[in-house]
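First comes the structure, then the notes that go with it.
Naming follows writing order (A, B and C), and every chain is counted from residue 1.
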Amino acid sequence: MPALDDHVLAVPLVDHHVHGYWLQTRDRGRFENGLNEANVEPLAAFDSAFDTQIGFAVRAHCAPVLGLPRHAEPDEYWARRSELGDDEVARLFLTAAGVTDWLVDTGFGSGIADLATMGRTSGGRVGEVVRLESIAEMAAAADGDYADAFRRILRDRTASAVGTKSILAYRGGFPGDLTEPSAADVRDAAARWRAAGGTRLTDRVLLRFGLYEALRLGKPLQFHTGFGDRDCDLDDANPLHLLDFLRNSGDTPVMLLHCYPYEREAGYLAQAFNNVYVDAGLSINHLGARSPGIIARLIELAPFRKVLYSSDGFGPAELHYLGARLWRNGIGRVLGELVAADEWTERDAIRVVDLIAHGNARRVYGLS
Amino acid sequence: MPALDDHVLAVPLVDHHVHGYWLQTRDRGRFENGLNEANVEPLAAFDSAFDTQIGFAVRAHCAPVLGLPRHAEPDEYWARRSELGDDEVARLFLTAAGVTDWLVDTGFGSGIADLATMGRTSGGRVGEVVRLESIAEMAAAADGDYADAFRRILRDRTASAVGTKSILAYRGGFPGDLTEPSAADVRDAAARWRAAGGTRLTDRVLLRFGLYEALRLGKPLQFHTGFGDRDCDLDDANPLHLLDFLRNSGDTPVMLLHCYPYEREAGYLAQAFNNVYVDAGLSINHLGARSPGIIARLIELAPFRKVLYSSDGFGPAELHYLGARLWRNGIGRVLGELVAADEWTERDAIRVVDLIAHGNARRVYGLS
Amino acid sequence: MPALDDHVLAVPLVDHHVHGYWLQTRDRGRFENGLNEANVEPLAAFDSAFDTQIGFAVRAHCAPVLGLPRHAEPDEYWARRSELGDDEVARLFLTAAGVTDWLVDTGFGSGIADLATMGRTSGGRVGEVVRLESIAEMAAAADGDYADAFRRILRDRTASAVGTKSILAYRGGFPGDLTEPSAADVRDAAARWRAAGGTRLTDRVLLRFGLYEALRLGKPLQFHTGFGDRDCDLDDANPLHLLDFLRNSGDTPVMLLHCYPYEREAGYLAQAFNNVYVDAGLSINHLGARSPGIIARLIELAPFRKVLYSSDGFGPAELHYLGARLWRNGIGRVLGELVAADEWTERDAIRVVDLIAHGNARRVYGLS
């Protein structure tokens, strides 16, 4: 499919959920742990993140960007990366990704590139995604009524932002009550939380309060769902547990991120609700050569106008590039096979590529 | 595999779970919503059901039945469909499906073809599947003891029917107690329900009562499982939650319909219980070009004598045809690859096609 | 990929979870039930285990080992098997498997080959895996303090064993408290259980106690997870429910067996915890020609140094061979496609084959 293949290689991407890259990678141990999403401890001495799908994908696809042969060995890769230095590595990967817009979750991590640096390094546009749990912590630290403070800070912080993000998956998970709490309950919960120090929000009432304020704001609301680190109970991050919340969510776009291994459930929700969108996020990076499968499953039930691209890149700048590279390869393979079987036309396939690569994101985030 | 391919194209099908088609489609908005299973609201203005797997499949496979080129554009398709009119469209699709027997769930929808119309339009035989929840509502409206009325109406209504159907998935879901209730509990629950109006049964005691009456009847009992509209909590429709019920279900055949995304769990149950059967039902239609995957996964653990075909066609008559078309394409592809790899013989593949297409259904429903 | 293909055919295997084969198969009904994992009743008269994926795989891959043509018919297969006799059948299959080390779970079944017989028949080395629930029953029958007796018997029984095994999945499942119980709680629970007869342990406190004693022992601890017979609630055997236990499990290797249909969740756990390992176990046998899929999914998130091979063979000696045969075919196919697509190098593929076939097992079980 030469036209489809050429198109996939060149299509501009909106990476609608990404973080800053590490300004300093420091050592190989930290780098390898940066290729492992789920583990929160240092990798065991017998293990290496290079012996994983993502590790093999780094060698296959990132090595050439650094001027190495495809499939360069780990030692060779690390030596070249060290020789180039973090700034140059980041510049190479971010400019090679073919991303025109980076929508950056600024709520996590230190020692990472900020919005301005992301823009300067990549040459692309940047937009901000604001974490609701960060707003809550600011409101806890503010004077006066918590709810008023939350609303004021949310309004101020999102005036120039493209959307909000919830990490409810890491703060108790989705099962249980997700209705809007009463003003009195919010007041009481806020008083208790402030008295306890007002850090790392896990109070369910205040988490629920934040979600409904984000819905009221009307900008797209992102949820971490599925695969993440082990501090999150994976089955409590199954987006199906959001069903009742989604029934109450009105018209505000709700973006289900990552989704693995619940991408088929997420696709169902995207069909069931006019305001629900999905991506495969960090799953693509971590599945490496196996990522065409999730790319394909995500478009089983999800309408094609409801699917987006993101890398969830964080830490090693490889991830900001590799997500794009693997998504291009994967969507080209998946749709190319459907076209070859005469199930889809090549023209339709190209149109769907455009929708997922940037069209849907531009429409829903109001990007130019 | 020329012999297998020829066989798959021509094999007669029993569609063991289907509904009537719409006698009048009316307008394009309603038609497009008819291609979306999960959403219960009108599709958003920015969306189109043509930009989905099922939409692409309609263009690829249904357009030629209406005399259009494969992959006709949506506007062209809708214009041609309108020009032909609903009666002619239904006649074209139902006769092209290659279905000899339609087992019709008569418990849902108005303005749809009745049994006689289904038979006349298709030229095929029809059988009825009676909904237990409809029987319950008739029993609530009848005089005298509820349990006696339920049994009498069930016996009368199923005298000429091939089986029964439960939509427990939509009336509270599978988790929780599914044992047989006592006569006293049934009497009390019926009194409460009758006092409250006796419509739309959600009382768990009476739902459980109906299931055991259906088991006693001995005709195949169908369950909606998995993928449906969003009024159903998808995870409460996971057939694994039926495990305790199945342990009590004796010899009466229990048919797990649709199953997506739990088709592997359903296949496990078909292996675990002599009386459990599975199909992929409406999932095949909605997955379109991705349906070979579910067809393949359904025969991972499920014994081949326990798998059936159905379309679950409802509304647009396209679905009554498309399910058959996609199943033929999918089973041909899946088994053809196994034969090409010399994992199966072509003769065995043809035999398994016959079992799923009609052999198992004829045996279990006692069709001639 | 000639080098990869040759390597896969010849690579020595460690079968790290297997049982003895039946010394006497007796009759065809028992043989066919032995090919069905989930059903605990005799197969229905209308059914045959030969009409399943595993049945087709037996005909394709086991028939030639008995000197029959590939795809021999069931009657022919059974006649030949009967003619050869159980001893010769076992000898043929166990020597053809290419397994150098059989790690045998000795906690289940009678009339099966013991360790010495397994070694003699196969010509391979044998190691023992001791069931914790069997230790508990011995401790219940012993004199004196239950906890002391359990520890003493565990130490004695595992002195020459390679690891332990838990069937918690069959004794209440994984959901719920899996913390270490207090000594007082263990004493009380043991008294109650002894008073009730001390057979078939289902007491949660004592099950939990056994797990922590196994962790303290430090040898690899195997868990049945996922697909098994219907006495086990499949969804309660989802390894995700072990998350809290794994957070407490320290450095002792924990081996998640079988995993289907939760192999992607299991792979996640293998990435999340330095001490968690996975295999596809009996799923490979039962999926037959569909087993390449699970082999591929298991290495999506699981690091390659955390994946092992096992057959879980029990009963018909076919299973001890077929698991190996299907695993070789499957890993060859899966990795061959990745190499052909230039996603992996052939050299890396061969290295990963070695890791899964024997390298990881030798490292973690301390085999020579």
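Brief remarks follow.
Here is the rule we use: a contact is a pair of C-beta atoms (placed from the backbone, for glycine too) under 8 Å apart; a residue touches a chain by one contact, two chains touch by 3 or more.
By chain, UniProt protein names: A, B, C = Amidohydrolase family protein.
These numbers were taken from a predicted model, which means no experiment stands behind them.
Fitting chain A to chain C on C-alpha positions gives a rotation angle of 120 degrees, to the nearest 5. Taking shared numbers over all numbers used, the chain A to chain B interface scores under half, which places it in the different class. Mean C-alpha positions place chain A and chain B at a centre distance of 37 Å.
Those residues of chain B in touch with two or more other chains do not exist in this structure.
Chain contact summary for the complex, chain C toward chain B: residues 36-41, 43-44, 46-49, 51-53, 56-57, 60, 70-71, 227, 229-230, 233-235, 260-261, 286-290.
By the touch rule above, chain A contacts chain B in their complex via residues 238, 240-241, 243, 247, 264-265, 268-269, 271-275, 296-297, 299-301, 303-306, 338, 341-345, 348, 352, 355, 363.
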